[in-house]
Amino acid sequence: MGVEQKLGNMGVVTTTLENVVNWSRTNAMWPMLFGLACCAIEMMSAQAAHYDMSRFGMELMRASPRQSDLMIVAGRVSKKMGPVLRRLYDQMPEPKWVIAMGDCASCGGVFNNYAIYQGVDEVVPVDVYVAGCPPRPEALIHGVLTLHEKVKGIKFADMAAESK
Amino acid sequence: MDWTIWLEWFLKGLILCLILLTGFAYLTLYERRALARIQIRVGPNRAGPQGLLQPIADAVKLIFKEELTPGKVYRVVFLLAPVLTVVPSLILAAVIPLGTSFTLFGREITLYVADLNVGVLYLTSIASIAVYGIVLAGWSSNNKYAMLGGIRSSAQMISYELSLGLCFVIAIIMGNSMNLNEIVNAQKDVWFAVIQPAGALVFLIVTLAEVNRAPFDMPEAEQELTAGYHAEYSGMKFALFFMAEYQKMIVISMIAATLFFGGYREFWFMTDWFGGIFSVDRFWFLGPIYLMLKVVVLLFFMIWVRATWPRIRYDRLMAFGWKVLLPLSLILAFITAVGILLTDLLGNPLIIWGVPVLSIICALVAVAFIYRDLRRKSHGRV
Amino acid sequence: MVPVDYYIALSAILFIIGALGVLSRRNPLIIFMSIELMLNAANLAFVAFARAHNTFSGQIFVFFVIAVAAAEVAVGLALIVEIFKAKKNIDIDEMNSLKG
Amino acid sequence: MAQLEEVTIDQYKHLVSERALTGETMLLNMGPQHPSTHGVLRLLLELDGEVVVNCVPDIGFLHTGVEKNMEAKTYQKAEVMTDRLDYMNTMGNNLAYVMAVEKLVDLDVPPRAQALRVILVELQRIASHLVWLGTSGLDLAAMSMFLFCFREREQILDIFELVSGQRMMTTYIRPGGVWRDVPVEFETAVRDFIKIFPKRIDEYEKLLTKNPLFVDRMVDIGYLSKETALSYGVTGPTLRASGVNWDLRKARPYCGYEQYDFEVPVLHEGDTYARYLVRIEELRQSLRIVEQALNKLPMGPVRSDNRKFVPPPRSEIGVSMEALIHHFKLWTEGFQAPKASIYSAIESPRGELGVLLEGDGGPKPMRVHMRTPSFDNLAVLPEIVKGTLVADLVAILASIDIVLGDIDR
Amino acid sequence: MNSDLIVFLVLSLVAIATALGMLFSRNAVYSALFLVLNFVTVAIFYLLLGAPFIAMSQITVYAGAIMVLFLFVIMLLGAENLAPTSDLPWQKPLARLLSVILVVETIYLLFSRARTDLVVTAPDASLNTMESLREMAMELFSSYLLPFEITSILLLVAMVGAIVLSRREKGEK
Amino acid sequence: MEKSLEPIVKNLQDKFGATYEEFRDEVHCFVKPEQIVDALITLRDEHRFELLSAQTAVDYYPQTSPRFHVIYQLTSLAQNLSVQLRVPVNGDNPKVPTAANVYKTAVWRERELLDMFGIEFEGHPDPRRILMPEDADGHPLRKDYPLGYEEPQFTFNFDEIDLRKPYAKE
């Protein structure tokens, strides 16, 4: 676990530190270089010139899960891929977040059948769902910003309690 | 010894480390912004004004990130490897002169940490042990990709060390000294890059290999080995590798500037302009500024190469090192030595200009060989 | 003010450790390393004497030794790699035939 | 890394050499999460140092059950599944499926719709090749290439959005024509693209084609002979780079391709560089087709008026009871297709995209088989990577331009 | 006890410890690392002995090139832990016996011929290294020219030998 | 039927007693399982059908004999012709000799058919599943295999489905 779990509640100090840490986490959220299907192409578009996620400090896509903070599940997750996805998630260090990008990752989308997990939340816990098939890059960026809002509200005390 | 000397050394060392650390932090931003500009993007601009706080955000985030130590690693070496990578990159800068000297509290304070008489040798030896961190990181991670990265790194380092050493030799011959300060002062009249342009170019290419930058970023080749030697590292341990890479970039640019581009000195033809107000001999504080400008330009060169060139293949990299750069730098060293010797013997200062001409010819021949090697049986559009 | 004998003693100790390595270990790579250690021990003695007698000959010898050691390592490691490829094993006892 | 479990050699005993069993060569698991496998492909590599001795692709990580799912939908509704197969070539997938349906039920398509289909499919081909060019640049670490290519691709996606309201999954081409007529801005948008794109291709070529490092990475790598290619069923640019002049647009023209003047680039070297050159040339040729089709674009309806198969336009529904009934019937029940089987194929950016459609007399297909080109193109990979380096493997994989959605279906 | 002696003793302890570490490590990589440390220590001895050029060459060549090559080969062959195949029963005792003899011999030699008059002083700060380097170079290229040339030929032969050894025949898999 | 296809179909009829159907200019020839390899070799070598464009199967469940048709779609680049071979296979223990030695592409295509329909190909060099996980049960494209349909969540049944749905934990 990170440092913050070891800190108790130290009043103003913790609050300020919380703010700083959460701010840094939102601004340096490195996604994992990981695409599954159609949405991955839109994720690439979001990285490219028109939408440019690098503005948020997100162009450092890490190929190794050990170094990434955010997993964007871009596309449908098949029954064969599920265990792999979970393994990758488990390999990421805390704190980590998951965005289920697109309908397939959120709820199975149009593929309501034997081969596809009906939502990636059956495999890994999801923080933000982005709708669309595939979602436009703007939608993905909106999802990321929503996640930023969520991250900004993290309290160390909660994390410490969670890790116990 | 006087305690003030110790204090001076300590303070200078501390300041140098701080410079390198901030330099590293802002180099990452510089690179990301410059890459973004080349790639018609904007680059990080949300953290602070124009993204100026981006490095701080990265650093704080990494500090507060969980540190994973995978179960099957060789623990001691795994923990040691990032440190072994960072330390050489920090102590490498100790012998580089940042400027002339100034007087403070009645003491003459020189702008370098250590005035080593064998400064150049010190650089080669520290640069040569800098590879251990990467190799050991690759080996200790117990990961096949990391292992391949480590193996590649060691092989690459051995192949390029020799050309690097020979480039140092060129500078030593021209400066007639192994002391970096004297080498800089020897460039008062003309930069060595002008006398030996091919040598400077070879040096720049070799430095790219030395700091594992694209197109020679074999050990971490993302598309081949995912993250290479640091695949299993997370949090601050990973940040240390990051730090080492960028600090090495800065330091090696400083070395390049010092050896071939006049170090902290101004352009040689600027010395007498406006009564010498651009000269470091007149104002000591211009030295670090000039050096910094040169470093920024050289770093941009590295970033530019990364943005445009594909990665070279691993075996071709070795072949390039052994078959092209090594003979070329040997010949260049030879040409330089003969040129200087003839100038001294015949006493005609014009003979020295034979060196740049001959060396450029050699470089062109080398380039021609490369192109000949690339020819295919036949191709054309049908 | 260190008596040169101390250096010689240190050199001797290192040399003996190296010799022990050559005699007792069976991994050819470690035997090789032990040989390097012995060479180093000798080098140390050379430099110490050179310093004591104020001459450069010792340093020049060391220079030669380093150059020769580099050559030796290049050939030796190439041999080990080749033997490994041929025999799938680098135990020193297995290298008892001249055939590949 | 992305190793799910320790690779058990027993399972692959018959696929790797004996040396792997003694531990002399190394088994490396590449993927399913790996930056250069273009999605979720897993390659089990047997390496001797860095030389690939054997390569065993493991696919199915994106297996979606599209064919099964399409059997459960009516002919019209099944079309949305086709978009998501080869997600680089959504228009082309629509076209292939729609053509199969039209052939099965014998439905005619008005000429304007045909021309629009050609324009859009060719634009899609350009977009697909751009993604290929960008990602294969990325695989060789020429990272700027990726961003330059995506810049132009955005322009094409804007055109798609203009006509269909969606950037990627357009489902714009429908049985009997297209969904609706294109808006007036369409022509200027396409003309703008036609105007700037040739310059952009020159830019790409300037960055790569003569770049010594790039040439070094591509030339004489991954040689694929004509015979091997045919035996493995390789099609598309990969086949044409091996010296076989086979392009369905020329050989069996559909959608009026015979009216347009274009060339099929064919090279005989069969290496990655040839595949690169062929695709680059295809960019130019596709642009030619788009330009001609746009110039010739006839006026008229964009949908067949056979109301048994094609829903009436929205304007009619409000005024005509008959139209309302047709509309209702079509969208609830679908149309009936004969109990027969047909196979129709188009030239997708990756090769022959065939659809085997079998009706059972009812409103739902009995069997839809998508003959996807990437599947066969990937099958040839183990054959051509033997003896190359890992870095070459990346280049070769990029050069055969696979899309995992296309393979796993 | 002067400060030089203290430094010497500490460093020699390190040198001996790392040498022993090299000898007793089961893992060849650790052996190599201990040896690198040992080489660095020896390089510091050279610095103390006023031979900075040799010290730097020591680090560059031994630590920077030779040991990296060792690590490369160890990693390439996966030879970190070699399980002993067959044990030669007489090898270990014999090795111990021989080394004991060697130790006794050395101690005897050291004490029988000990001379404490020959001392090594700390390097002179006033001594210009560049000057000493020049002198050394002069000597190298005059008195020792023949050995120098022979060494260079040896290096060349070694290089060719290494290339020939590791070259693959055409068509060989 | 195209003129140039006629002798080819004739040859198949003579050699293998093949019957054929025609629909919208497409020719489907029916061949017995044991003759399919020979038929493919004949087509490839005598009539220059270089490309096995597609190989797939259709399940006519609940009809059981024949339950499956294994389909070989062949293309001749030289003559610009297509012909389809169909091999009817019975539902119990479906077996067809492998075409992997005639067309290499059949290696993967037959693995797919094994995976999706459970049709065994005798003499196949690598009979493993290809798309589904190794430990999967059943053959999805068979008609008796359920689609695996999962009920969509609406407001009226949200809670009920929410209870059943397996959510992942940290």
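To keep things simple, chains are lettered A, B, C, D, E and F as they appear, and every chain counts its residues starting from 1.
The criterion applied here is as follows: a contact is a pair of C-beta atoms (placed from the backbone, for glycine too) under 8 Å apart; a residue touches a chain by one contact, two chains touch by 3 or more.
Being a predicted model, the structure only gives us computed values, none of them experimental.
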Checklist line | Furthest chain, CA centroid comparison against chain C | finding: F
Check: Across all chain pairs, which one has the most C-beta contacts?
Finding: C-E
Note to self: Can you work out the whole-Å distance between the CA centroids of chain D and chain E?
What the structure shows: 62
Notebook entry, point to check: Using the average of all C-alpha atoms in each chain as its centre, how far is it in Å between chain C and chain D?
Noted result: 62
Check: How many angstrom lie between the CA centroids of chain C and chain F, rounded to a whole number?
Finding: 68
Item checked: chain A-chain F separation of Cα centroids, rounded to whole Å -> 41
Item checked: Touching two or more other chains - residue numbers and ranges from chain A -> 33, 48-49, 63-64, 79-80, 91, 112-115
Note to self: Using the touch definition from the top, which residues of chain E touch two or more other chains?
What the structure shows: 53, 57, 65, 69, 76
Checklist line | chain C residues counted as touching two or more neighbouring chains | finding: none
Notebook entry, point to check: What residues of chain B sit close enough to touch chain A in their complex?
Noted result: 32, 36, 39-47, 51, 53-54, 56-68, 222, 226-227, 230-235, 238
Margin query: List the residues on chain A that touch chain F in their complex, please.
Written below: 79-80, 86, 107-108, 112-115, 118-119, 121-125
Next item on the list: Show which residues of chain D lie in contact with chain A when the two form their complex.
Entry: 1-2, 4, 32-35, 39-40, 60-66, 68-69, 80-81, 83-84, 87-88, 131, 135, 146-147, 150-151, 153-154, 157, 167-169, 404-405, 408
Item checked: Residues of chain A touching chain D in the complex -> 32-38, 40-42, 44-45, 48-50, 63-65, 75-76, 78-81, 83-84, 87-88, 91, 110-116, 133-134, 136
Margin query: Per the contact definition, I'd like the list of chain A residues that touch chain B in the complex.
Written below: 1-4, 20-21, 23-25, 27-29, 33, 48-49, 52, 54-57, 59-60, 62-64, 66-67, 69, 91, 93-95
